[in-house]
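We call the chains A, B, C and D, going by the order they appear; numbering starts again at 1 in every chain.
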Amino acid sequence: MKESYTVINKTLIASLSGELDQHSAVQVRAELDRRIKEGCNNLVFDFKRLEFMDSSGIGVIIGRYKLVMALGGAICIACPKPQVERIIHLATIDRLIPIYKSVDDALKSMRGDRVG
Amino acid sequence: MKESYTVINKTLIASLSGELDQHSAVQVRAELDRRIKEGCNNLVFDFKRLEFMDSSGIGVIIGRYKLVMALGGAICIACPKPQVERIIHLATIDRLIPIYKSVDDALKSMRGDRVG
Amino acid sequence: MRLELLSKTANEGFARVAVAAFVSQLDPTLEQLAEIKTAVSEAVTNAIVHGYENMMGYVTVTAQWTGRLVTVTVEDKGKGIPDVEMARTPLFTTRPELERSGMGFTVMENFMDSVEVYSKEHQGTRVVMIKQL
Amino acid sequence: MRLELLSKTANEGFARVAVAAFVSQLDPTLEQLAEIKTAVSEAVTNAIVHGYENMMGYVTVTAQWTGRLVTVTVEDKGKGIPDVEMARTPLFTTRPELERSGMGFTVMENFMDSVEVYSKEHQGTRVVMIKQL
């Protein structure tokens, strides 16, 4: 699992690549929380390069959803691949969190929500 | 292991792709011998897409060397990748059988040897 | 094939790759392969995280087939599941502090044709998953 | 990790991939990984082709490391090697009819830092290979 982070205004774009399982979840979670608490109240999960996710990923997403909501921010997911999207649907996360086809679309929706 | 075969005059070009081990050697050997005996007395091993070879490949090459020599033909190897080339060097096959950087060079050398 | 692994989460990825490489001999579709990998990941993670908690032990993974019917088992000698029916309920988890989602068994059931769970407290758990390719 | 495989040549490729995936956790170079894959391929093929000849049996592959010192063992319960020193001689083979080249042990010795062979007739063979990454 490799991550890269970009901040645009107060929106954190977390680009995860590789495989998100319990092993990688531990480090990703810590890193995300640190950056969110440092002052990003919106979060975009960029899953373009995420090749695999199991239910550990659900835990990571829901945990960040709760944190971001508590901070009054917005959260969304961009470009999940089919295997990842299936897990997201199975866990019905898509009822809570919008999914976009591109990071750009995701960012536009954030700006609509609240100006970062 | 996938193979494709091309015949130019009496030269058989055997393009092997994938992994050559004892398992795949059995089928490759039978296929090669059938085609050689059908009237191709020259043989070019095209290893451009051969990703892996162990010492089973040495057996395949030396066996065909003997057959082709017995039929008065010529044999050579084209474009082995580093892993494959190391096995070839280790077995000192390159003292018996010329190695070329392209199938074209290999074919030219054949024409020099004898007109197919 | 039978694979024994130490109960370290670093081995989750390896277990997935190994089973996928083995099953690939049957030329499954990419989707079927992804389903098997995901189910294996869930079961192996459970053995490590729940079965052995923070202890060291061995997780055994086996895979075999008859025709195109693939059977994968994942077994641990860990603490066992006191109530399997409750454990299989979607969203049920005993490790919320690890942000486990309680969706592991649900994923296995959705991605495989059959999932059976044999477990005894203090003795361990064996999950048997079957899929027709 | 410990892997048990049926003595079918179709499993050679799988054994290579499994060990490579396991060792990948140490971030070896591509060349080191190719060397380990090749050595595993030789030892597993020998267990299947020579150890069990045409019989069915289990081949056990283990891999582990301390620091960056990787140990891989390949074991069969097959017919054993009557004279290990002679078997290790380059070009020596007892199966010329299968076009075995007699270069298997030579490849293992060249690609790994150390290769030890323990064998007893009618009991089996264990090859222990060590490589520093």
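Note that a residue touches a chain if its C-beta (ideal position, glycine included) is under 8 Å from a C-beta of that chain, and two chains touch if they have at least 3 such contacts.
Quantities reported herein were computed from a predicted structural model and do not represent experimental measurements.
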So the chain most remote from chain C by C-alpha centre is B
Whole-Å gap between the CA centroids of chain A and chain C:
26
Quick one: chain A and chain D, Cα centre-to-centre, how many Å?
44
Tell me, which residues of chain D touch at least two other chains?
10, 13
Residues of chain A touching 2+ other chains?
none
Sort out which chains touch which and give me every pair.
A-C, B-D, C-D
Residues of chain D that touch chain B when the two form their complex:
9-10, 12-13, 16, 31, 34, 37-38, 41-42, 45, 48-49, 98-101, 103-104, 106-107, 110
Using the touch rule from the top, collect the residues of chain D that touch chain C in their complex.
1-6, 10-11, 13-14, 17-18, 21-22, 25
For a test of understanding, state which residues of chain A touch chain C in their complex under the given definition.
19, 21-23, 25-26, 29, 52, 54-56, 58-60, 62-63, 82-83, 87, 90-91
